[in-house]
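Labels run A, B and C following the written order; every chain starts at residue 1.
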Amino acid sequence: MSAPTTTRAPGLARTGARTPPAPPKRSWLHDPWRKPRVLESITWVYIAWSLLPVLLAIFMSFSSGRSNSTFQGPLTLQYWTGTGFEGDGASLFRDPDLRSAIRQTFTLSFVTMAIAVPLGVAFAIGLDRWRGRPASGSNVLMLMSFVVPEIILGVTALYVVLYLFTFIPLGTPAQVMALVTFQMSYPVIIVRARLLSIGKEYEEAAMDLGAPPKQSITRVLLPLLMPAILASFAIVFADTIDDFVTVAYLSGAAESQTLSMKIYTQTRGAPTPAVNAAATFMLISTTLVITLGYLAYRRFSRGQSDTGVGGFASQV
Amino acid sequence: MAHPRERRPGSGLSRREFLMRSLGAAVALPSASAILAACSKPGEGTTGSASTVGTGGVDLGGPYPIATADNPVTWTIYDDVPPIADGLKIEEGATLQLYNWDQYIWKKQVEKFCEGVGCDYKITTFQNMDEALTKIRTGELKFDIFFPTTDTFGKLVSAKLMQPLNHSYLDHLEENVWPQLISPYYDQGSRYSVPYVVYTTGVAYRRNVVKDQDIYGMSNPFDILFDPAHKGRSGVYDSYRDTMAMSLLHLGNEDVNTDKQADIDAVEADLIGMIDAVDVRYSINGAYKLLPENQYDVHLSWSGDIAAGWFYVSKDTAYEDLGYWFPEDRRGMIGSDTMVIPTTAEHPVLAHEFLNFMLSFPAAMDNFAWVGYQPPQNDADPDTLTTTKSVWGEPYIFPWMEAAVVRKEDFERGLPQWELTPDVDDMWHDAWQNFRAGAK
Amino acid sequence: MRSSDALEPTKAERRRAERAAANETGIWYPRGYWKRFAAPGTLWMLLFFLVPFYVIVSVAFGTVDPVFRSPLPVYQPWWWTFDAAAEAVGKIFGPFRETYIRTFTFVVVASGICLVLGYSVAYYVARFGGRRRTLFLILLISPFWISYLMRMLAWRSLLTEDGYVNGILSGVGLPVVGWLEGKPVTVILGLVYGYIPYMILPLYGFLDRIDGALLEAGRDLGASPRQTFWKVTLPLSKPAIAAALVIVSLPMFGDYYTNNMLSNSPRTTMIGNILDDSVNTSGQGPEAAVFTLVLMVMLLIPMLYYLRSTARELARR
């Protein structure tokens, strides 16, 4: 048979072998073994439609003008570190409002990540091994929190903080509480999927070799789960940076406003390219975090199956 | 449930806080008040009659008296919310917490004040009065200065959410402010508030699309917001009182504080008719930003919004393209906004000093130049506002929108918006919600 | 098998007994071990997810403060009043009926577009991605970490009167359109733009894992690529499509910010907007709670379907 060709994909291995050796060059349109041109064009058009506006928005943050819908040259950093439009001080890193918003965004992300992931991992391990009614009840609760529209989560959390758990003040504590509640489902889903693919052999082997339960968990299970755990950290962090509805409902004074809230209120008010700068900054942070998470994931899943972006993506 | 008061600056724990701590905050128990309330159905029980909240005004059977221009109200000063003492020193190293509408105060002025006094500042914003009241009511947020509209005082006083002012710190009030606003009908004796800005509500329009004579010549200029010729380019405020009052005036009804269901039903039908007639949209920044950016041709507008519109003009809009209409007999909507100090303020002395600063002529006028809203300063002759250049080098109000200037006499002929009793407020809100939902 | 020597005899005996019995996990962990793992998470969920729903019910059937009209939840069921709730439900069939119908329409149309577009892209990348697969995946995943708000902001900036979309239109000779003037089209396209990544990724995950043998069987039996698609791939994808549709459409029902950022007109108000407004309006706390409950009930069936299909999926794997 001929050597595999470039159209090889897992699961479709042998179709590539059907390609005749060295076919005569035909035009792209008439090549019968072409990739479907309609689908290909749709895909590229979709990608362009999906990403070009964002690239433009990033570009707009370097505009000299006041409007954030038409670019005005020359390129400038005035909305990033400079003095804003005509010196009114409204740039991302100088404006005290935006700076406090940046601070709050990262605070929430770190705290939520630090609470949600351990809780979620423990929950996942417990749910996976524990059978019975209460287990599936917890499972249902957790999945529901994942799928329920965020406004419902925001409203219920707001009412519970205002009227029942009044010792939780509005602002960061309330925001963390609500964020952890629905972010916990990400680590649970990711870790459970991973647990399924790991199976029980390794722990059984450890037990056979005489390890007590605690060591079996810490020395065997957790390291095996490390890729999933790291992916969870990255995803929870990134998702919290972008969160808007929950954070807005449970915000208190100015200190608890995040960048996403600022983007929303300013877009409805009088947006300047500083808003674009803020959004771009969020984007850069999230990209960094995801990249770090992915690199850590790869490092920890060396030698295991489904490494690579596909594996990372299928965890999501 | 008790009112969430008792956060006087420097006092000890509130009753709720004390009970909470003794029960152990870590235990997720319902708040102690909820347990206590289990003995009686919530919502029932005495709230005090209207007269305990204030004297004067009109008693419409609600929990607070209604202040009207003919029936002014003197609000009660409660024993458990006294004003601060005289001659106190300003708190050191404080952060002044302002709670205001978005873009409603020039940060440079606040900075200037803070530099002079040695403090930091933080501005939290709200989108509408309902949201602001809800957040203040929780008692958890400690703002030093709040900017309420005048139709909320009944609620604020009855819930003890503001503290009475000590006028020994506010010498600029008597010196600089218009006489009729030193002891206004909504707060006789300025016990709780000082005036911030005054404004009228009319129609902003693009003068290159609508000629001055056209709109001024109309028998009912509010019709222009309903004119299909401006389909898709007509806007109203996302504010129920202002837009519904506009509709009342459009229907020829001057009672902008009506409590009659029939009137409100007519308003609802009128506004819903607007949806199909002109594809109406609502916004808060429509007049000061979107109209100058050429996204609207006509928009309901406060005088200060269009006066500040020149900041936001798009490339193809000239300052002369912005116009403002208000009834020539000055019998239209007029109002003022105020500054108050909430009960939970952590720096009341600083807050008093800030109020006094904002009442001084230079600060008030510079703020005017940025915000567009006119302060009721004696030294600002209304006849000169269209010619005097502000700190930006442009007149405070451009000559071609002279109707945006507010004069003392306007308060005698104008139609202010008073507070509504809670059930009437519900009626208004219901109609507004139906309009917003695009009901048919 | 021996347990570790450090254990006391009683514990060891217990463990031996447990080992002897048919143990749940097949691994020799003590009984109830896993419950301790799941306990903190379960407790959190109970306290901060389940209890709030009871609070919502208490607010819906509670009363309001006489002065501020702020909600007063009534936790004791025997004091619940149903007037406010009845009024609110009446409103849903009265003045708000239009809004509910409109939201359904928007969601159905937007989900439909997401499905057609998303399936095509997922299919292409899964089957024909080839060497560029990683690149495609990165490009497709990236909207997940670009904040929804930023994408709406970007989209909105393009649609302004003097934005680039109108610039292109007028450049080609077509009339300029007022996109942000309260057009349902804009909101629907905004919803598609915002939520389509949630459609593509699960579909890609599924299509990627389709057993190649099935497709080849189709080929071997003489089916053309198109027939293979319609008769093999598509029927196999049905559960994945259903799950993806649920993931995409459920958040749309609660969406209010898309409308607020792109339209702001009574013509395009959605259920989320009604909910958001009533939460922020004094006196309408019980109404807001009722609307929340109604929304939950409406979405319960699709939610349960999604839960069951996920559980089935996990069981299968």
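As a convention for this text, a residue touches a chain if its C-beta (ideal position, glycine included) is under 8 Å from a C-beta of that chain, and two chains touch if they have at least 3 such contacts.
Keep in mind the model is a prediction, meaning the values are calculated, not measured.
K.L.:
With contacts counted as defined, which of the two, B-C or A-C, has more C-beta pairs across the interface?
P.N.:
A-C
K.L.:
Average the CA atoms of each chain to get its centre, and name the chain whose centre is farthest from that of chain C.
P.N.:
B
K.L.:
Just the number, please: Cα centre separation of chain B and chain C in whole Å.
P.N.:
Distance between chain centres: 39 Å.
K.L.:
Rounded to a whole Å, what is the gap between the Cα centroids of chain A and chain C?
P.N.:
The answer is 15 Å.
K.L.:
Please output the residue numbers of chain B that touch at least 2 other chains, ranges allowed.
P.N.:
Within chain B, residues 28, 30, 34, 283, 293, 314-315 contact more than one other chain.
K.L.:
Which chain A residues reach two or more other chains?
P.N.:
67, 70, 163-164, 268
K.L.:
Residue numbers in chain C touching 2 or more other chains?
P.N.:
In chain C, residues 51, 72-73, 160, 162, 264 touch at least two other chains, as defined above.
K.L.:
So in the complex, which bits of chain A are touching chain B?
P.N.:
66-67, 70, 89, 96-97, 100, 162-167, 169-171, 252-255, 257, 265, 268-270
K.L.:
For the complex, which residues does chain C have touching chain B?
P.N.:
Residue positions touching the partner: 47, 51, 62-70, 72-76, 79, 94-99, 102, 160-162, 178, 180-182, 263-269, 273-274, 277-278, 280-284.
K.L.:
With touch defined as at the start, can you tell me which chain C residues reach chain A in the complex?
P.N.:
Counting only chain C, the residues touching chain A are 1-4, 6-7, 24-30, 33-42, 44-46, 48-53, 55-56, 58-59, 71-73, 117, 120-121, 123-131, 133-134, 136-158, 160, 162-164, 193, 196-197, 201, 204-205, 208-212, 215-216, 219, 246-247, 250-251, 253-257, 260-261, 264, 272, 275-276, 279, 285, 288-289, 292, 295-296, 299, 303, 306-307, 310-311, 314, 317.
K.L.:
Show me the residue ranges of chain A that touch chain C in the complex, using the header's touch definition.
P.N.:
Interface residues on the chain A side: 6-15, 35-36, 39-40, 42-43, 46-47, 49-51, 53-54, 56-57, 60, 67-70, 119-120, 122-123, 125-131, 134-136, 138-145, 147-152, 155-160, 163-164, 177-178, 180-182, 184, 188, 192-193, 196-197, 200, 203-204, 207-208, 210-213, 216, 238, 241-242, 244-245, 249, 260, 263-264, 267-268, 271, 275-276, 279-280, 282-283, 286-287, 290, 308-310, 313-314, 316.
K.L.:
Touching residues of chain B toward chain C in the complex: what are they?
P.N.:
1, 28, 30, 34, 38, 41-43, 47, 63-64, 128, 130-131, 133-134, 137, 155, 158-159, 232-233, 238, 272, 275, 279-283, 293-295, 314-315, 422, 425-426, 429, 433-440
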